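Two complexes are shown next, each including chain A; its partner changes from chain B in the first to chain C in the second.
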Partner chain A sequence: MSSPATNQISVKLVLLGEAAVGKSSLVLRFVSNDFEENKEPTIGAAFLTQRCTIGDKYIKFEIWDTAGQERFANLTPLYYRNAQAALVVYDITKPASFIKARHWVKELHEQASKNIIIALVGNKYDLTLDSETGEEIEGSRKVSLEEGQNLAEEENLLFFESSAKTGYNVNEMFTTIGEKIPEAIAKKDNTRDQSGGNRIDLNAPAENDIHDSSCSC
Partner chain B sequence: MAERRPSGINSRRPSVIPYLAGIEKPVLPSIPSQCDVLICGTGLVESILAAALAWQGSRVLHVDANPYYGDTCATLTIEQIKAWCASVNDGSSGFQGFSKAMLHIPYPHRLNSRDYGIDLSPRVLFAKSDLLSLLINSRVYRYLEFQSLSNFHTFENDTFGKMLSTKEEIFTDQSMTLASKRQLMKMMKFVLEYDLPENKEELETHMHEPFTDYVSNRFHLSSQQINELCYALGLAPKPDISTIQGLSRVRRYLVSFNIYGNFPTLYSKYGGPGEISQGFCRSAAVAGATYKLDCALKSFDPDTKTATFEDGSKVKISEKVVCSPSQAPEGSRNVPERNYEITRLITIVEKSCKEWFAEGESAALVVFPPKSLPSNNQFPVQSIIMGSGTGCCPKDQCVWYLSTIEQGERGRRDLESALKKMEESILRESEDGGFDVELTESDVAVQANGGISVINSVKLGKSFKGFVPKEKLTYLLKLMFTQYTSVAPFGVVSNAVFEKAEENDHPGNGPDLKVIYSSMPSTEISYDGVVTEARLLYSKIVGSDDDFFDVDFEDDEDYEHGPSSESAIVDDAEEFQPEMAFEL
Partner chain C sequence: MDFIKDIANKAQRILDNTNSPKKLTKDELLRREFRLPDTESIVDESLVELTISTSYLRARIDRLRKTGIFVEGPATFNGKLTLLDNFVVFKDSYNSMACSFVIELPMVQRIQRIRRAYDFAISLLTTNGLEVTIKFIGIKSQCELFGQRLIKLLKQRLPEVDAMTNFRMGLYSEYLLSKNGCNTLLVKGPPTGGLGWVFKFPGNALKLNDRLKMKKWFDYFRENGRNFAMVHSVPFYKLVSYGLPNKLRGELWETCCGSIYLRYMHEDEYLRILVDHDGEKSFAIEEIEKDLNRSLPEYPAYQNPEGINRLRRVLTAYSWKNPEVGYCQAMNIVTAALLIYMSEEQVFWCLSVLVDKIIPGYYSKTMYGVLLDQKVFEALVLKTLPVISEHFAKHDIQLSIVSLPWFLSFFLSTMPLIHAFRVVDMMLLHGPKVLFQVAMAVIRVNGDELLKCEDDGECISIFKEYFSSLDETEESLFHRDRMRTKFDNLWEVAFREFSIIDDKIILQLRKKFENEVFQGIETFVKRAELRNLPKTHNLNTEQLSNIYDRYYNVLMGGQESPPDRSACNMDFVSFENFMSQLVSWIDAADRTAKQTEFLKRLYRQWSSADGEMSLESLVIGLDKIIDRDIMNSLSNFISLYDDEGTGRIGKETVIQLAEDLILITTPWREGRIFDDITNQNIEAEIAKKIIQRREVLKEQGVDITDDDIKLPDEVRFNEEKWQGRQAERYLTSSSNFLKMIFQYAQPAEDPDKPLISLSDDEDDEKKDKQENSIKHNAALDPSRPVYITPSTFRMVILADETYESFFRTEFWKSFRVNEKISEKLGVVDNLRGMFTHFLADGRRVAVQVRKRMDEATKNAKPISDTGSTENRPRAASSNTSIGSKSTRSRASSSLNDDDDDDDDDFGNFVGADYDELNDIPTGGNELSVLHDAKEMEKESELVRGFESAKLE
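And now, the complex of A and B:
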């Protein structure tokens, strides 16, 4: 049996967007196909991982959700560092969240690595539809489809409207990102030496046979 | 369920959708009106404290007057370095934590600001140390990347030597007599066992005598070996250390060997304390702490327990205010004295400096013992060498961090002198493959473990004296400055430092009454002392440090769902390993 580990790709994906637009809900939908109606604002989750197979690729998403830091747009450079993908989320019923999304896109272009794949996500699509008829509820949508598409086009972003509640387009956005990944890895940003061949995993100590036995502290 | 279809295609476009043009700044939210602990300054100690408090359940507001994380131990880009120098020299703020910043950038167009991460106070991490255990327990290590650092070079008699510190190296070395090898091994053994009951008497008798005397009398080591023990392995920042200090320092090195591999120290990629601070800030944020940069404390009123910031906003504090001296409000009266100086010289050179690194590594230490330099230095000069593999600079460049606790003009002279020696050495070693000394077979030492041939590196530096380099070394940046701290060299941060502000509480005494101050970064080149200080501050706030980072992270672990989760994936093994318990 061939081991899937051989072509497993690790992808660091960061989430950005105004409070309550549904970032954590999108992750929850993707990671455990679940939705909570009254989700508490996020504190607590460091990052989640989710593995999926896309074609013949085996992708391990390492998903970084924002914590208290994004409130003042004071994310640490560490947050963006080596992120291969980002979801910039807004709420299509909240124009202010779209303005903030523009801000995050700009920030990503400045701070993140050049080849980062950014997806612009207009979430809460379900709120614009009448659940009985499937018709759009007049006046519910506050950010037009074109508005999002235009921004995505100008800034060279992937674009989705989604609903964490119904699951609409959630897997699609992750899959599309997953499909795009290898190209990005191949043409990796080389200004700083990314090689660092001797990365040490702090959680995997070596066999300790020389000095420890005699250490009595 | 409603049929899914692309939105907007058939539906009418409601006219209420406003057109959102331009990139405006969204309205920022305001800071919380209440918190338990306010921490000003995102240096390493404060960041560890913030995370510890946040995980213990305190509501933490963590601010920094700077637009970046890390405060006095930040990792900065070139543009940030420039701004930092300007602010140090203008002296308008009352704070005197740094002085005499001199910056020289000869070819500004060659430096792309963001390609660099320059540490204001670089450090190396011993593999067996309290910070390392904390990084694991807190899981902050997951946000960071660590790399190994093996080479500790000592400069002696105009040459660079590399300390022989493993059994294999000692046994295979050609330059030592058998007798001296035995003595060295005996010494190393004693270092690991000095606190056993059978050594108690011996230790007590000699504890306070100079380490150098003790080692030379008891083990008959050469003065060069003693220097290497003291200043390279032990990284002692000053001469005349006591036997107990020397022994514990050498032990720190030896017990760190073979924890993660055949090297004693590590460093975090992309920056040292500045990067690790960010890791702890992220951890604190995940635990619910609120972060705000560009936010300077203006005053704290202990009666109403209200802190006011420069932008006019206020927060009520139910517990304490902790503040880095660098972020003390203007007019502060209670900032602890900072009586110790560190002189630092940071350069970026246009050379990879790979000659100094061990196989596959990107960093090294070079130590100049007292009196080894033409400047007749009284104190050692320590330098950390960070190549491009550390993520701190572009390819074929290298960052050199030199420092000494010698003060003022003398300190600056010693650093310049050491810089010159490093320049000569790297030019010589990198020129034409590096050797114009005839190599003999005995210069190639075969390591017992790996079977790799290494050139005896003492030889590399030989015939140094008459060497005239053909090329010149290009400096892309040179930064010298003095840093002050209240932590004595070798001193552990003491509670007394934090008590000062509280003693001093006559009414009307400054805008920083009852503020607890942290110390500035210590003179220590390792991370030792950082966790101790964070714990002390934590106890001052919480009452004890029993539950310092006593967190069960079980629920925070990877979600494993979906069809693929049962597959055997090689790198998963590491994630499910029980946490490694370190004895301290």
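And now, the complex of A and C:
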């Protein structure tokens, strides 16, 4: 159960967003490169891990996937406690989910750790495209690209539109976060292990330990 | 805002619990014990000795005896028999598991008195063959009374017998017995039940020993009755623990949790709710729709419209039945699971009992129930598995975030379904303690692994791995030589080792953590709601927080019963209440028509377009009205009167405005609070006195430099006089206002409206004054309609010294937005209050006095007459008000006793050593001679006490 790698950075990442926007599906895509048409709602929260190499960093994502329904909101502080990164997800075909996303960003800025890296993610991009022609279906999109970008700019967030169904931009968002994770934070996280064996060595050969990961990022 | 309601209910519950340790009533306890509907109450009770038998039991005994085996006859039990409106119930006093029963009255087929010499005894025969012989213990006449009451109720229920028989035809147990020729009731076909009948039941029936279990229940039913008349004895509990057979599961679930009684009593409610709300939309329904395709998607029925539709109907009906809960994720999974074994209607009632009784608060809008139980769970782990608990603490692992899903969906989303169903079996019978027992066992059997893990993540992985391997065999934990599945081991640990966890412990711990959990939720909800308020210009975060607290305090405090659906907006009564707490010029006790008039105006102007006063609209309104910039303040104030938004305010409204000004200045007009002008005047007087003292000292040849200033330790003055002056100023201002405003009014083009008379409860003097001014004002001639503009209003106010000062300082200050709800409410700013306030601020006053004194000394010119303030700079506003009990009667040490009232309306100020004139400070910081504020307060307290004693 304990982490096998010695040169890895652990990144605690939390997903937030309204119910059914596709948080769990994004995680499933990232972790297992899979998609389920009818994913059960997350009860409380789910925990998954994924290891991957990004540039010269070897990163272990510890992902907390939270439940989206409003009433679960007051459980979420338990999960974003100590998180270094957050994905705030909305569904680009559901305007209400964008409003929720705004609230989550505020909540994180107020309550989460100071240096948390937040990415705003507009999911279900595939629903706005005609599967035959690949062209945008008129009126299918309810939150414009600009709205998302503006919010991200205002609040200093990373921004992606994605599709868990097609995989569009899924690995990219995790990679970008991985790249952004400053060494300092990662180091701090690893000071938990006083043995000294858990130092980060960015020069360590990446292929050392990728037995359980097919992450292509 | 449903959160708030939830919290309100909860708060009420906490209050109920803590303030008056409200014990459950006898009725409630009994209903809980026997899972009876809330409508039942006790009719009579008696201690009895009874035996229960059936023809099958007797036959079996006979059979066994014939083969030479000695078997005892039916056992005798001692316990309490209770008669309720629709039930007769019994439980053995010595061992409740040994024998208990619930018989619904229409099931009683025959009642007979057994003739005996000394005691009263009866025998009951139920429709399903139970023969109960009851010997009453106690005073015979009372026992007979019990019998009479029972007979009376039985007669009343007679018409229901057919309905009950019909109902029973739909139960699988009856079909099972009928099919095997052991039922007087002839049931032709198997009842339609859950989805499992069509889409197959989960798991391998063979492996689950389904046939054997069925046979066991068949035997049990024959000898112990079933559904509406059933005895629970040791084998019953064992059979439930083994896991219920597929086809009987639904019926046994509803029998165990008592939902069968509700379903029988409210036979068409489920369908009626669906019909009544057909086509209606709601937020809950939206949420339900999102999850319909996401509930046990691997079970075939939920890939099919049939299953989905049943799920939709049950969840929707429940959301209408219990709108406080509505729909919570996890309910979809629970409902989907129940629907496999139960019909829609069965699930509907079972869900009701589950959510309302067994796990209250789990699915509520704040989910406080499940959060609370996580605390309880953590406490139990600490108590019984301290090593693991310490390990978690050391590595900052929060068990509650791991265990929350277990509790929320009774392991249905955690364990493979067939195992989770066994948890549900036990839970519906034994209540919530089962969840704790199983959860504890999970921790216990994974103990070794858990002690190795170092963070939440690893911990979760261990459980994930464990739950997916429950079918694997391992060595039995209790019999080392045997092999059994991990699940069987878990089961044994849960109900053997952790049988110590009972309802009592759980209730105790819940009580212990209730406040903590509740507060955590409240903080979160508050934060979220405050964050979503619009930006305010004048109210800061802390003040918003105070307003928030007061807002909900008023909403909760006003209502004993849970507020209804839309109650998170403030109605007018609550608003009035709120304002009376917030400002000094609204008197909660004395709600005059005028006051109401003004508040109604505020309410109207502040509430949103649909006439609702939400926290948001209240905050926006308050934020405007307390603007500290006098121009903004006046503009905002006058806009309250611009009803049509035309910028023209008609005559009637102007008169109303003038009256409202009188209302909001009440505390100052009555002299309850000194305004800025009065304060400045008093300060000037203090300065004057000090200078006079210095003159006297100088004349006496004492050498004092300008630095040697002795400030008074205590200030005494003629309070009434100052009050009178202030009152007069306000009266003059109010009558001037009317005169002036109409002088500058513009003639209106529109036809005149009749002039309304001033309200009657104005005191005579003022009324006269105003009426005079009205008469003398040509503009008030009803034949000349006029209007004023906001700028006229501003001009008139600014021209009046008192009103100007009022709007500059007193008005916004009168909104006590800085006051926390925890501080004592409703303390009127009376003089006593202000006196303390002054002393606490003594230093600041001292500085001001000193400044004035310096000024006066420099100019070598005495300070002008106190009656007038014209030549005093008005800009310097003081934050301090001072006052004191009148001390005219106190003659002791004051030098100025003989002062003439007329030139000394200020009275005396007395230093601790004022008489001893030679006691002159020798330089240094002049302020250091002021006593410490606290000490002074104490002193003044003494003086006050002394005075009041004297007055009496």
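In this text, the second predicted complex is superposed on the first by the 166 of 217 C-alpha atoms of A that agree within 3 Å, B and C clash if a C-alpha of one lies under 4 Å from a C-alpha of the other, contacts with A are read in each partner's own complex, and residues count from 1 in each chain.
In this text, a contact is a pair of C-beta atoms (placed from the backbone, for glycine too) under 8 Å apart; a residue touches a chain by one contact, two chains touch by 3 or more.
Predicted, not measured: the structure shown is a model, and the values here were computed from it.
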item	value
Contacts of A:Lys106 with chain B and chain C, given as first, second, both or neither	both
Partner, of chain C and chain B, that touches more residues belonging to chain A	B
Contacts of A:Ala20 with chain B and chain C, given as first, second, both or neither	second
First (chain B), second (chain C), both or neither touched by A:Tyr79	both
Partner chain in contact with A:Asn156 - chain B first, chain C second, else both or neither	neither
Which of chain B and chain C A:Asn115 touches, first, second, both or neither	neither
Set intersection of chain A contacts, chain C complex versus chain B complex	19, 43-45, 47, 49, 67, 69, 71-74, 77-79, 103, 106, 192
Sites on chain A touched by chain B in the complex	3-5, 8, 18-19, 31-33, 43-53, 58, 60, 67-69, 71-74, 76-79, 81, 95-96, 98-100, 102-103, 106, 125-126, 128-136, 138-147, 161, 166, 168, 190-212, 214-217
Chain C-touching residues of chain A, taken from the complex the two chains share	1-2, 19-20, 36-45, 47, 49, 62, 67, 69-75, 77-79, 103, 106-107, 110-111, 192
Chain C - residues contacting chain A, complex	3, 287, 290-291, 293-297, 328-330, 332-333, 364-367, 371, 398, 400-401, 404-405, 408-409, 413, 449, 452-458, 460-462, 520-521, 524-525, 527-528, 531-532
Interfacial residue positions of chain B with respect to chain A in the complex	1-5, 7-8, 11-14, 16-20, 23-29, 69, 112, 115, 132, 135-136, 139, 141-148, 166-167, 189, 192-193, 195-196, 251, 254-255, 257-261, 266, 269-270, 275, 278-279, 281-293, 360-362, 388-391, 393-395, 555-556, 558-559, 561-562, 564-565, 567-571, 574-575, 577, 579-580, 583-584
